[in-house]
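Letters A, B and C mark the chains as written, and numbering starts fresh at 1 in each.
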Amino acid sequence: MSFDLVVNVLIAGLLTGLVYGLMALGLSVIFGVVRVVNFAHGELMTVAMYAATVLFATLKLDPFIVALPVAAAFFVFGYLLQAGLINPFITRPEHSQFMLLVAVAIILVNALLMIFGPDARNVQVDYQLDSFEIGKILVDKARLYAAGAALLTATGLFLFFRYSLTGKAIRACADNYLGAKVVGLNVKKYYALTFGLGSICVAIAGCVMVLLVDVTPPLGPYYTLLAFVIVIVGGLGSMGGALLGGVLIGVSEALAGLFIAPSAKSMFSFGLLIVVLLLRPQGLLGKR
Amino acid sequence: MILEATRISKSFRGLKAVNEASFSVEEGAIVGLIGPNGAGKTTIFNMVAGVFAPDTGSILFQQKPIHGLRADQICAAGIGRTFQIVKPFAGLSVLDNVMVGAFLREKTSSGARSLSASILEKLGLGPKRDLPASSLTLPDRKRLEVARALATRPRLLLLDEVMAGLRPTECDQLVAVFREINRAEGLSILLIEHVMRAVMALAGQIVVLHHGEVIARGSPEHVVRDPAVLECYLGEETEV
Amino acid sequence: MTRASAALAVVAALLIALPAFVGNYGLSVATLILYFAYTGQAWNVMMGFAGQLSLGHALYVGVGGYVAGGIFYHWGIGPWAGLWVAMALCALLGVVIGFLAFRFGISGVYFALLTIAFAEFTRIGFDHLDWLGGPGGLFLKVAQRDTWDVFNFRGPPLMYYYTILFLTAAALALCAWLLKSKAGYYWQAIRENEEAAQALGINTFRWKMVAVALSAAMTSVSGVFYAFYYNNLFPEQVFNIGRSIEIILGPVIGGVGTLFGPILGAVVLTVLSDGLTEILAALGWEVPGIKQIFYGVVLLAVIMFLPNGIWPALAKRLRL
């Protein structure tokens, strides 16, 4: 096992991890603000992945281009999902909300199975097999671009929350539901907006992910769990934490795949989740 | 002395909520704990009831130390408590609520049921025993809270602002119930109250708390005239 | 309550007499319904009684099945011995998870995620456990199926039907008895308001652990049944999160925390979904995943319109 191989795997893991991070960012935003356990998160990502494959197959459009309209569509879908379905559930007990999204997840996964069948699909662009060479290190172009898109989106979101009025309003709603209502914020509208924003993250992450990974319907539940692992490990409510967690998981998966066995890689993620839940539930960068 | 707290202190993140407070409750007595908001009254209650332990000092119940024990252990030892914000088991019936408490000492369901029924009668909730607890008005919820605590057959009952929100007649009714239980069964009571009407009617001894420290103690008549108490809490115009 | 007892007696009689009316296919459907009813009831003990949402209950089904199956596979010892090992092991597993969760103050969503993580971790673990078959699966010898070999739990479908019927009835009786007992009152108190429960002398930690251990042990029996009924176990299938969700569908639809909810839910789900599959087959449509979508839609509808499940509304209507 050469050093170069390990470094290549590490870099690949890091880049993939950034895409994971974007996906988890969407969940962190949704979970952190609306406090809804979006159990359909991975399924939404899978839908985005399929959308990219379909658009590529029919219109020959590169996923990076397609990401924008898909993101817009997802924003609308997420907004409507929260406004129409989930908002009435805010005051209901926790397990009700949970089950609601479990139901949505089940429907989404099996709708995908019905429409696309169980076979794997992916997108093959011209630069799929190209890579940059830095000395002996090889960096896949597609992977680098994907990670770049993820970072770009994350930065955009961060700036939005930091500096825009709407972003601050959303943070207020997250901090103090009652207080926000008292000062006249239409909390339900902001919740819907937030879900829409989270959906944008998932859409973009999905569109670029399909360049790196083949998509099948069972990927949905797997990504949902992964998103939760990342968010919890990285820390709820911390955007940097989501990205950091994503990178951590991406790298550890890559290394585990290299040193142990490819099938055991997610075992590490779940083990990490258990440890973090027990010892540091607020995650690496989160606040209690 | 059924309860002796000696120089107990509690700080929360650097803020000293209770500072070297000492007080005691004689067996069969009713002691009132009064003072302005934030004086540390509920913190003292929570220390006695085992929600958290005092940082320093000791609490003896029936001459045995209880500081640091868990809330359920303290209840088993013989201290019952109500909560300032009532916590009924909303999904259960009134009777079932009290039965939960009764099962601490009663071995059988039937025993628990009859004990609960008689306690509910005493508190005037008999006719409502099969109603869901969620359907009760606030005064009734307070009575339910008391009934539940009484079902654990405590030797000392901690009442946390149980009169708040009650109309004067409801307050007097509850006062009468406590007086009766205290007289008939010798139940000791330590109560936090802002409703002075109730404190004066019930308490044989009053302890006054201010900024976490005991600033006065004694009989009601004495405490009510104490200038320090008047200044910090009751106000010079107070007539009781 | 005599109205309810009468209804119960009628249903019991019908179920006992059922094999006389239906063929083998109908019997297998009935067995499946009862299997989900039983497993849902076992799950209900943790959720309905202790208020802890477990989304990883397939863990106990899987471990129970593999333990009993493995003992039979390697040493030929029948399930009656394996059953006790399975129950003990799963109870211990439940205690470990419960201990970790409750000591560290994990509840609600985080607890659910913890249970999922344990189930997933175990699934992947068993995938690498070649001693128990690994990903290729563990296959139990399918012996002569005409005679009732109760000791080795091999026999015709009828035997399995009556076994699962007995188990479901026993679970129902146990839960009914528990609900009326001190344990039942204490659990409901903990579920309603843990702090108030503690103030009434209840050691909530210990009682939650009991509920978790009991639920785990009961669920493991389900796994043992599964292993000897289907005669094969695959980690991917048995520990799958989809299975965990299947387990909770019945109770959630029927009514969490109620006595008859899990059973009613199992009946409604299986009858409706099988009916749907039949109709579609008759129309010539073979649609993969339609059944699951149906489950999802029913779940959605129930959560939105009957949040407490079907049973409470139904019981009120029938005035039971």
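Assume contacts are C-beta pairs under 8 Å (C-beta built on N, C-alpha and C of every residue); 3 or more make two chains touch, one makes a residue touch a chain.
Quick caveat: nothing in here was measured; it's all calculated off a predicted structure.
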item: Identity of the chain that, by mean CA position, is farthest from subunit B; value: A
item: Chain whose averaged C-alpha position falls nearest the assembly-wide average; value: C
item: Between B-C and A-C, the pair joined by more C-beta contacts; value: A-C
item: Gap in Å, rounded to a whole number, between the CA centres of subunit B and subunit A; value: 51
item: Between subunit C and subunit A, distance of the C-alpha-averaged centres to the nearest whole Å; value: 32
item: Separation of subunit B from subunit C, taking each centre as the mean of its C-alpha atoms, in whole Å; value: 44
item: Touching residues on subunit C, where the partner in the complex is subunit A; value: 47, 53, 100, 104, 106, 108-110, 112-114, 116-118, 120-121, 124-125, 127-128, 135, 241-242, 245, 248, 252, 256, 287-290, 292-293, 295-297, 299-300, 303-304, 307
item: Contact set on subunit B toward subunit C in their complex; value: 49, 70-73, 75-76, 80-81, 83, 87-92, 96, 99-101, 103-104, 109, 112, 148-149, 151-152
item: Subunit C-touching residues of subunit A, taken from the complex the two chains share; value: 37, 85, 92, 94-96, 98-100, 102-107, 109-111, 113-114, 117-118, 217, 221, 225, 228-229, 232, 261, 263-264, 266-267, 270-271, 273-274, 277-279, 281
item: In the complex, subunit C residues that touch subunit B; value: 180-182, 185-186, 188-189, 191-193, 195-204
